[in-house]
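Next up: some structures, all given as structure tokens.
Next come two complexes built around chain A: one with chain B, the other with chain C.
On to the complex of A and B.
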């Protein structure tokens, strides 16, 4: 468990017109760890991911990647840094095969023609590095794959580019039981291979099964970022639904008044 | 007093180390072997030459590396030529496989095992599988030995299986029976199912690189393979690791071992099915059925999974306090229960385990899945070869 975060967000603010969605949000993503990003609907999870991936521009705050402050102005900046996002809808093309999907828009070329052997080799290696054995052929059309296999391809696509941070948005939603288990193991393996993984999930079991840290968003604020070994299920649920649990989480005072001053909270005293 | 190891002993040790490295890590270039083993290049060259002559490894030029300079030769284990038979006696099934050096399964057979089947009846189908597989072995292949993984307590010295309550044996000479049935079997080694699985996950699976590991295997009962400081914790007679029989609830249900409230009476198959209101069912499929129902939202099944999850966390918390492992692996049906009850397991673990003992804990599912027992059984047989590659 490395001590320095791979990706660090500090004091991120983001608003859409009059609506302030993210307030002074901090997040640290460590290499070799799965950081679960949890929060109720509308807490700002997706907005935050879109800020990291360059789809939205942040209003203020800093992003630090591998110790250097960076500015992410667009999706290509994020992928150049090694940040990949696997969206809920997977963004795969049904009419293309596995290799074509994995290289879509970033095809390898030899002269003016596509370098198919190299792409196939790289796709195969990426899948092998994740111990994926469920795919029969790399030249299968994605249309013929099951939900779990599609998720696998989408994740493998994300690791193909020497990515350092992979963000997964609800990867197990809409999957069967056996496939959920496989995808969870895959998420874990990504981190065990040294990547920093951010897992967005509503399912507490998924979160507890694979995460090392849990970051709970509550109404656009980071309620707490805690180690999974230090919290219980009910504490995390309290953080999600109320923003705090015992002495962790947001201060009990009116959050609007909280302007960065130190607030003393007695452990257990607010019950 | 004896002088240091002779040149011959050093050489034998180095041969074993090199072979073990490619056996566990697969094809490796000479250059990398030089780095990893800390031997000089010419020694590595001489050792691989010896192993090649003995037919244990092959050397070939690697695929195009794209780098300048003469590429280093890649050493691979002779997986298709050097093999062992691996047999696995489990509660619900009997499995046999032919496993090549490097841990590759070349051929496999499987059959169901009715509950309460006697030892002699288990040995015969397994021997049948071996005879079947033997017919397909290429003529130039080399047989190393046979390893057997038994879901029960095994005396390693002679293969006596003692009190395997979940399978219903009391004291059965499985080793002797197999030897009689298989005829010319060479080296035959028996081990506990959870122990051999733990060794494999430790050497090449989910716990690679961790020196303190607890591998829990669940079916009807629960067993553990415990690795502390890189070594298996076997105990005086080799029977250690029976965590399923640690008493967690003195007022609990009676256990098949005769005691009351053993951990497996709270987290085993029977407890889960009973909580789910499916007490009349047995077997792996029934357990997976409850897990599936819980994920689909069946409240009774969810209750069962939560209840069992709490108890799993309770026991794991105790084990974590005692052994301070880096990694706890949930195998067998516990894998599926873990993935659906992780919130309860983790929460209970957090409540019970001491902060210092649990802070670096990694909870994992097996990487080799159900193959771990077969590869582990083969590992028992390969162990003799790895100790002295040029013998026999």
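On to the complex of A and C.
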């Protein structure tokens, strides 16, 4: 098990105007492991992903990538580092084929002409490295693919660029049972290929099926980051819903947490 | 009888044979991906109807006329296809072509410029118009329908103002008037025909060879040869017809050769097809039309693409305007007006370009433009009045738009959007 994390977030704060979404969040992503990022709706999972991918700028805190502190100012910075995000809605163009989608925005060119043979070959290699053998043709329009195949294409697109960290936002949310299994297998294979994988999911079965570590966000705070083997299903649910479970998780809330100025709102207490 | 093969990286795919290729094509058509098929069928059926009704329809003179008559609509439609690919519309393209036509005519006739300065000036006018339209749509976020509707009205006014309230300006520059009236010599007609065939064959075979060299799946040789052969037959037959003497009285004024406008149409057909199909820019146009959000996340400058398609649209409208003025050897307040815009949109849609964005090719403008020209020309030969022609053309546009919408629905149903 690798000791140094590939990607490390330290004390990340992010707010939108008066609303503080992330409070001193830490997260470590290790190579060859699947880190599941769990949390209730509004816990700040998406905000955190967008901070890592450069869509949002962090207010304070440090991002360390492969031991070096880095600043991510935009999506291109993130992809230059080797961080790729597979969004929930996949961001594929239905009217383009598999190869065209995988290279969208980063086409290989010879002069001004697109180098289709090279792109097709690289796309084929990327799909093969994920042991995908279910496509009829690499020139098939994405519109004609099934949900699982689309997810596969979106993931293959992310690994095409020798990426080191792949973040998957709810990859199984819209899939049936068989396709979910296929995609989870693919997620596992990504990690086995040595990548750091962050899996955002609401589905505890998926989380326990593939993840090595679980990071639970609770109301913008990192409740705990634990090894999957050390916790039970119900403990994770407690972390998600309450921020703590037994001796892991956030400390119990004390009045001091609210800045000391405790306003007494007990009925009749103001008299 | 399908055999599988292993392509790049070991992904198993079906190796297509001629039969399976045709089968696949038919499957796509049934799945709602009609392409140019309805337009080509329509073109054949309409030509047969008019040809049977009037012998003159199939005369060489009329055949050559079709190119000159349809040139303006075809050029405007080529530009509109870029705009339509993004799911936008340019209603001002007709009068933009009129304004650019007026610019070239005024510079040639009133200011004594020569064609090599006047034509670029008109093209620059088109580019500026497109840039302003695109800026308003992309940066201010006004729907293109509204922006170009306003421009449609405004350009109509600009045209009137330019022409001093409605006078007619004639052009007497010989080169300029020749563009959409005269013909190439017989020798040049054949040279161009051969260059076109050889060029197409070389491009097809070269693409196939470079794919085969990498061990990628190629189209079956039979299909490639069929494509080359089909195009060769088409070009040779057309050239044979067009190089015959077609003047009613050849002693006075001999009339033979391919119209000059044909290679110009061919040039832009090849140019824009190349841009859309083989460059990153073209790929990005399709991507923005297919899924704007995905394109944005892929780092494609969506706003710049949006502005650029309006620039190309108005640039091609300027070329259309130049052709219209050349054809009539004059410009009047109705150049680019009346039915020109609707014919152009109709040409693109009938040719198979989707009004919903993301689907279309430049060849659609040529095939759709041919359908429109055949209807217009054939019905005139049969003595129908303008009213009936408008009604029929309107109905055909409606049919084409319905085919587009139904194909989309069918495609969605078969999971082939």
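Just so it is clear, the second predicted complex is superposed on the first by the 254 of 271 C-alpha atoms of A that agree within 3 Å, B and C clash if a C-alpha of one lies under 4 Å from a C-alpha of the other, contacts with A are read in each partner's own complex, and residues count from 1 in each chain.
Methods note: a contact is a pair of C-beta atoms (placed from the backbone, for glycine too) under 8 Å apart; a residue touches a chain by one contact, two chains touch by 3 or more.
Bear in mind that the values here come from a model prediction, so they are computed numbers and not experimental data.
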Sticking to the clash and touch definitions up top, decide whether chain B and chain C on chain A clash or fit. fit
Thinking of the overlay built on chain A, is A:48 touched by chain B (first), by chain C (second), by both, or by neither? neither
May I ask you to decide whether A:117 touches chain B, chain C, both, or neither, giving the answer as first, second, both or neither? second
Is A:126 touching the first partner chain B, the second partner chain C, both, or neither of them? second
After the superposition on A, what does A:96 contact: first (chain B), second (chain C), both or neither? second
Can A:233 be said to touch chain B (first), chain C (second), both, or neither? first
For A:144 in the superposed arrangement: first (chain B), second (chain C), both or neither? second
Just to be sure I read the superposition right, which of the two partners does A:199 touch: chain B = first, chain C = second, or both, or neither? neither
Between chain B and chain C, which makes contact with more of the residues in chain A? C
Partner chain in contact with A:104 - chain B first, chain C second, else both or neither: second
Taking every C-alpha pair between chain B and chain C in the superposed model, the minimum, in Å, is 9
Can you name the residues of chain A that touch chain C in the complex? 75-76, 87, 89-96, 100, 104-107, 109, 112-114, 116-118, 120-129, 132-133, 135-139, 141, 143-144, 146
Touching residues on chain B, where the partner in the complex is chain A: 288, 291-292, 295-296, 335-336, 338-347, 349-351, 355, 358-361, 363-365, 367
Residues of chain C that touch chain A when the two form their complex: 7-14, 31, 210-211, 213-214, 216-217, 278-280, 283-284, 286-287, 289-291, 293-295, 297-300, 358-359, 411, 415-417
For chain A, which residues are in contact with chain B within the complex? 1, 131, 177, 180-181, 184-185, 188-189, 204-210, 227-234
